[in-house]
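Shared between the two complexes below is chain A, which has chain B as its partner in the first and chain C in the second.
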Partner chain A sequence: MRQTTLSVPLEVKPESSARLTDLIEALRQREETPPLGHPQEYARIMRDVPSLHFMSMSVFPSHDYDPLFILEANFDGPSGAFWGQIEAAFGEDLRAMLRCCKRPLDRDGPLYDAVTAPDSRLAVAPYFEARTMRPSVFHHGNRGMTRDRILDEAALFLAIRDELHEADSDGPSPYRGASAAEAHQKLRAALLPAFPWLDHRAPKRIPLTERATDIVRLLLFAVAAVFIVSLPGIILQAFMRTDRYLIALIGLMIAIVVLLFLKRKPLPGTEAPGKFRPIAFLLRHSLLIVLMLGAYLLIAVPVATGLHMLFRGLGAEAAWQPALRAVLLGLAFIPLALLALVLRLRYLERRDSWHDAPHTDEQSLREMVRREDWIAQNHMGSIVLIKPGVLRSIIIHAGHLGLGLLLRVKATDGYLGSMRTVHFAHWAFLNNHSRLLFFSNFDHSWDSYLDDFIEKAHAGLTLAWGCGVGFPPTRFLVLDGASHGRMFKAWALASRAVSRFWYSAYKDLTVDQIERNARIATGLRRKSMTEKEAGRWMLDL
Partner chain B sequence: MDARPVATAPRRPSWKLKPPHDANTQGLVVSGFGSLPTGRALFLEFGWPEGTGGGAWLNALEAVAPVTDADDPEAKTAALAFTWSGLRAMGLDRRALDSFSRPFREGMFQEDRLRRLGDRRGGEWLDTVIDGGPRWSANTPRREEVTAEAWTGADLMESAPAGDEQVTTPITVHALLLLYDANEAEAEERCKAVEAALAPHEVRVVHRLPLLLDPDGKGISRDHYGFADGLSQPIPYDEAALVGSDGKPVEKNPCNGVPLGEILIGHTNGHREKAQGPIVPDDPDGRPAAAGLMPHASAEGFFDLGLDGSYMVVRELNQDVAAFWKSLQANAERIRKRDPQHSGHVDTIWLAERVIGRSTDGHLLCPGGYLPPDGYGMPDNDYLFQARDPHGIGCPAGSHVRRANPRDALAPTAKEAQSLLDAANNHRILRRGRKYGPKIADPYQDDGKERGLLFVCLNTDIARQFEFVQQTWLLNQNFATLYDETDPLLGPAGRMTIREQPLRRIVDVETFVKMAGGEYFFLPSLSALRYLAML
Partner chain C sequence: MHEASILASRNVLRPSPRGLKAWFARRLVGLMPFAFRLMRRFKPIAKMGSLYIATRHDDVRELFATDTAFAVPYKAKLDVITGGQPFFLGMGDTPDYRSGLKAMQDVVRADDLPVLAQGAEQRAEALVQAAGGRIEVVGLVRDVTFGLLGDYFGVPEPAAGSLQMWATRLFEFQFADSGDSPELRAQVDVIAPAMRAHVAAEIERRRSAGGAGGAWGDGGKDDVLARCLALQAASEPGYSDGEIRTALVCMMVGGPPQPPMVVPQALEQLLRRPAALSGAQAAARDGGDEALRGYVWEAMRFDPLAPGLPRVATRTWTLAQGTKRAREIPAGATVLAAFASAMMDERRVPDPHTFDPRRTPHQYIHFGHRLHECFGRHINGATLHRMLKPLLRREGLRRAHGREGRLSKNGPFAERLVVEWG
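Take a look at the complex of A and B:
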């Protein structure tokens, strides 16, 4: 099933900031105190907002802006049903919180007035919906697993454990001594009455249409990107002879490569060798690059031919040759354009400042730590300022767009590449794209999560977060950066806010465990297995 | 817990520090003093009234039990480390106190830290702590009480936070003196001399443990359970400050190599920078320079108090040996009853080996047997898991050795093995613990005597090293795609999965280890000690 990640940022009246914090805390305390007859905390949300996986409410103080109240939610299905459930569960709480926020000056002002009027009974969810911000990049771990399926399969896991432990508990276990295939059959027979859904096929986690859409969107992005970068070449070639054009390109490229080579070394004291090798990475993905270029050619040549026919009145026979020339010479421009961008970037990088010792407020740090490490997962919310400049701005926005589309296509096995601990995470731009928001719901401690970034995913992280003001020194966009472990952790810590209210629908399940439960359930849905298949399946039990 | 052979040759190569670091670093860093089997841990409290302080007692100590450097092994040795509250009581400068790392400043018994370490949760001590709560800690004051800008609560912008819980222990420890001697008589004699010398300075011994290391002919010491212990240590490398014991440069060990800065402050660490440590301001008397401290590289007007020092984590862990063996015996019986035909190999020893992950002699469990000894006849420690035993069929995924250092075991595929090994080596600790208490006569019979391990480890980043190992590996309920189980040896009562084909077995383990006290210490360099003596 398709899932949704969103956040709603609302500017807070500074004088009401403490009141808002208290309201969020009160809500947390109410939900943590189970109502009479309910066994566990947050039982009300579990029941009333059944689509919800993770939700948080935080107030971000800042030296540069007024405080920002952000509601973050990750749920199954489209947002309409979700907001309906939220209205029913929290409508009045949200209304009280909304009164602590500023009235927007755009067209949502009247709605704000109507919703926050002294005795208003109007639904507040539409206001939150109107102020919703879509993420620039997001990742869904255990992609396509609905909350209910996750819970059902976790219950199945526990039932299997009990069954194996308790069946014929006075004598020999019926599951010992049997072959793996037999044990599978017996387990299935024993559990089917309590879990009748084992008789049905598992719903497809990523439906074909969704998968196709993801791929097409990535291809369109690639085609658009190739076109935009080659556009100067397409224009230039119209005014130049082919040989002169190519000689000029090659000459410029050599010059830039020489300059880049001279500036390739890190500045003194800023080297932090990681494992990422950009050239090797490009070579490894050369097939993908060729495919994308092929897709571009397939679209660009016919379009260019059509344009030639339209504007120059040529026949198809005569038009395709100049069209092909324009497209190919345009492509030839891409290496030069990229090299020039990298050179300019390197120039900026060599003059960047970074934050050696970012200030962390002792009180808010206490409040963060106090809320951490109670359950299998933790939460972080962070806001950083974005470095200024046209090139940086282009890189961030194109980078986030491309990264977001690429993740949809590549991260389909439940994990985020080598990061196997992320449930729901997203980035989004705030305050007219001057700040970058990051939310993550992850497994294990915050320190171990950041260590994962530093030790395994430093290149991707540097790409996505390196645009933040104060980020440790980077090189060629992806090198060094997050590999400066201590500096990066201090920077990330200073950007965080206290996650005042945070809800997880499955507190003791890691991404890994959810995938394990899914493998077990999928196996048990099958009526029979070969001995080899069953042996592999039983390793997970 | 240095497991270097004592008597037999040839020895496995070891490492030592180069000048000037060898004469500046405490001997405990480079050696576990395997040739000195007896020892004493003396936990000291400073009894003087607040505000008087001073380091004169260190001079008195120097006369009877000088702290030894890493230069040359001695006939008897001593190591000395301080808690944050101890350094504060001695009158160390406020800015110096603030420059220590956060875990050390807050102490092990800060409430959130205790939760992460698996000791205390929601105001209650957990089962892995002795009844009535631990006996000793530094009783570090809460941050609110020592932070200059106290919370006023008068700010409209922020809500008033709740205060920390003050967790206290009956005994307050300001410093820990570790003495290592050749025999019991000498140890006892030196203890008496130390006590007599310190008493006039109002420094009292408030808790003591007799330490024991009893290496066999091969130099292997066994823990109270009977298992060879202290086998796996990180092997530091550093071109500038370290050489092999043969004088040749030390290459990075592919399995266990860590940068020296993971163990010693002021040297390059796993984050490719100098491991950070405390600093002290210069004073009109020029004491820092007189003590031999170096000017700090980036803090103008300050001297480097941390260089060649380390942070030392200490936990007194009571071990219930009889409960361990009896529980595994009962498990073995249950397993055989439930699976009479296919469990002939499952007996008490078989289960105990799976809990630990090694044979009693220290050889790693592998699918179908044990890892053969290395070229020196010692248990081979240069092994990886991913290629040999990815599913933990030999050495269980949740066994103690695999949790304590998973090496490349957490790599989902062979392709990622190297990167996961490198990641794991960013979280290594150098262990220097010793056992205390008498050997048990019959491991199945509780004799009512206290025994256990005085866990001691050295690291430069307590949060990234010791705390990470404890929280993310040992006590992580979801370690290595396991569910709802923790370290079978150290964790609370619960399950342990032992994978076999076709079907795994589950052992119900009890709480075998209970923490009786613990704290974070600073193990200063010899020049830092000289500076402290001038306070």
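Take a look at the complex of A and C:
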């Protein structure tokens, strides 16, 4: 089943910020104090909001804006059903929280009035739906795994443990001495009565149509991006002879390369060690780049031929040659366009300011520390201001769009790069795109989470967050930046807010363990295995 | 019809209307889910003549919840049944409503539910066992319900007449007679006084028996009437003879006629879905009452008690205010809260056309919502699935051959469904 990630940012009346914080805290305390008959904390949410994986509520203070209340949710299926569940579980709590928020000045104002009126009985869900913000980039660790499936397979894992542990309590274990395939069958037979769903095939985590849509969307993005970057070249070639066009192109490229070479070094004191090598990265992905350019050619040449036929009244035979020329010369313009962009960016980077010692509120810091590391997972929410400028704005928006589409295609097995610690994470733009929001529900401690990223994915991190005001100095968009580990952590910490309310539906499970459970369950769903398959499968037990 | 013959009639349902008009009406009812679907999409709050219809989940809930603007329209007919004695079903959220409700809540207790559930199952089991492989389900559920709830409330069968027929006819008048049939009214004018007299006589009889025996009720029987009389004796307010009589009449009219409508409908829905039927049977055999209730509740969603419940606007009110579909309902207008449609609204109910016995409670609006949510919802929650349990436990449960194996309806009432097993 498709999972959904969203957040609802609501501006808070400054005078009601403390009240809102109290309401969120009261809700947390109520859910953490199970009533009689409930087996565990958050049991009510487990029961009444069965689609929910993770949810948080935070109030972000700011010196530049009024406080912002953000409800973040990650759940199964479409949002309408989810909001229906939330309405039933927390409707009146959310209404009280809404009353602490500002009335929006756009067309949602009347809905806010109706929902927050004294003694209002109108559902709050439509208002939250109306104010929902879709992420610019998101990552789902365990793609396509519903909450119930995760819980069922976790229960199966524990039952397997018990079965193997107790198998020899009344005599020799039946699994001892059995071949791997026999052990698989015995274990399946032992667990089937308690887990009858093992007799059914596992639902497909990523249906073929979803997969195909993800790939097509990425390809369309690539084609559009190539077209936009090559567009100046396509226009120029119409007014120039091919040889002059190419000479001009090469001449300009050489000039820009020389300038870039001269500016390549970091400013004094801003160099940071990093393993990322842009040229090597491009070479490693050269096949993908060639494939994308091939896809572009396949689409662009027929389209350009058609346009020539339409506007110049040419026949197909006469039209395809100038069309091909235009497309190829447009492609030839891309390196120049990219080099020019990087040069301009480098100019900006050399004049950027950064935050050596960002201010962190001591009390908030203590609150954050107090709430962390109680379970296997943790949560963070952060908001940063975005650096101004048209170029940066274009880069960050196009970058987020492309990164989001790329993650949908590549991150399908829990891994984000080489890390498998993120359950749900997303970025989103706030306040007319002047701020960038980030939420993550991750495994292990905040420190180790960031260390992981600094160590293994500093380039991606720099690319995604380098647009933030105060971010450590960057070079060529992806270098340095997050590699300034201490500075980056201080910057990230200062941008965080206390996660006042945070819910996880499976607090003992890491992304890795969920994938392991899924492999075990998938194996047990099979009636038989070859010895080799069973041997491999047993490594997970 | 002669007064005595009306009271003595054993025909629980009035003869079903015949002819082209009736056929057309039945077809229209069959098309209702499709019409609701179109309305939810294109005209969520529609106006049809003088009637407004709210079809989306959010709007139906708002309509039920906003009792300050939408009142129940039951009082006029309720007065006919009770002889003018007020009952909380016909009231707004007033002190009288709350005290009337509390009076009944004090005698219809949560700790009775397990006994009622067990009683429903035992009675159904006895009837199914005696039937020997073939049974008519509407009659089965009707016998179980009226027997069980008659005993529970302390209202016995009248000497000359049938409680099933009396209560169902009054129920039809109160809730399902939108056309104000003169023929039905004539019958009600006979049945209602008889019903009141019957209950009043029983109150008197039980008081006498209690006074003589030292305990309320026959043999110290602990039923709702006995509890009322005990509280009356303790001078608790809300338990005058008139109030007890009205409450018991209304409980018998409002409650027992409903299960013979919805439970056979639920079984019909299960029979249409072999996988769901198989799941429900597994739950019935394993003793998983919670799981079984899930199956029956879900089956009822596909054919609920009624398409909707009416409310009357007591003041001008904008429904779904602030949304694109907002619509002003003028004071005095009648609005149908189409809960059948709301439970199929994909905006709030995930995969509404999929049979999912594990849905969360808020997706169901079987018994209304907020102020006038059905008083008997907890009793229904405890007993409806238990009435079907003995049947579902049977191996080889199937429809009988021919038309009688398919649920037939008489207006809003389930009329006949025969199943076999073994």
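A few remarks follow.
Definition applied: the second predicted complex is superposed on the first by the 539 of 541 C-alpha atoms of A that agree within 3 Å, B and C clash if a C-alpha of one lies under 4 Å from a C-alpha of the other, contacts with A are read in each partner's own complex, and residues count from 1 in each chain.
Rule of thumb we're sticking to: a residue touches a chain if its C-beta (ideal position, glycine included) is under 8 Å from a C-beta of that chain, and two chains touch if they have at least 3 such contacts.
Here the structure is a predicted model, which is why all the values come from computation and not from measurement.
Considered on the superposed chain A, chain B and chain C are sterically compatible, since they fit side by side.
Look at A:Pro126: by the touch rule set out above, it reaches chain C but stays clear of chain B. Legend: residue contacts after superposition of the two complexes on their common chain; A:Ala114 is shown touching chain C, with no touch to chain B. Of the two partner chains placed by superposition, only chain C is touched by A:Pro50; chain B is not. By the touch criterion defined above, A:Ile334 lies against neither chain B nor chain C after alignment on the C-alpha atoms of chain A.
After the superposition on chain A, the angle chain B-chain A-chain C between C-alpha centres rounds to 110°, nearest 10. Shared-chain residue A:Trp83: touches chain C; no touch with chain B. In the superposition on chain A, A:Leu401 makes contact with neither chain B nor chain C. Of the two partner chains placed by superposition, A:Leu236 touches none, neither chain B nor chain C.
The partner of chain A that touches more of its residues, comparing chain B with chain C, is B. Of the two partner chains placed by the overlay, only chain B lies in contact with A:Arg370; chain C stays clear of it.
Per the superposed model, the minimal spacing between any CA atom of chain B and any CA atom of chain C is 30 Å.
When both complexes are aligned on chain A by C-alpha atoms, no chain A residue touches chain B in the first and chain C in the second. Across the complex, chain B meets chain A through its residues 112, 115-116, 143, 147, 151, 155-159, 161-162, 164, 270-273, 276, 337-343, 391, 412, 416, 419-420, 422-423, 426-427, 461, 463-464, 467-468, 471-472, 476-478, 481, 483-484, 499, 501-504, 506. The touching residues of chain A, when paired with chain B in their complex, are 14-15, 17-18, 21-22, 25, 61, 67, 157, 161, 164-165, 171-173, 175-177, 179-180, 183, 271-273, 275, 362-363, 366-367, 369-370, 372-374, 376, 418, 420, 443-445, 447-448, 451-452, 454-456, 483-487, 508, 510, 512-513, 516, 534-535, 538-539, 541. Across the interface of their complex, chain C is touched by residues 47-51, 77-78, 80-81, 83-85, 87-88, 108-115, 119, 121-123, 125-127 of chain A.
By the touch criterion given at the top, residues 57-58, 61-62, 65-66, 68, 318, 320-323, 346-350, 358, 360-363, 370 of chain C touch chain A in their complex.
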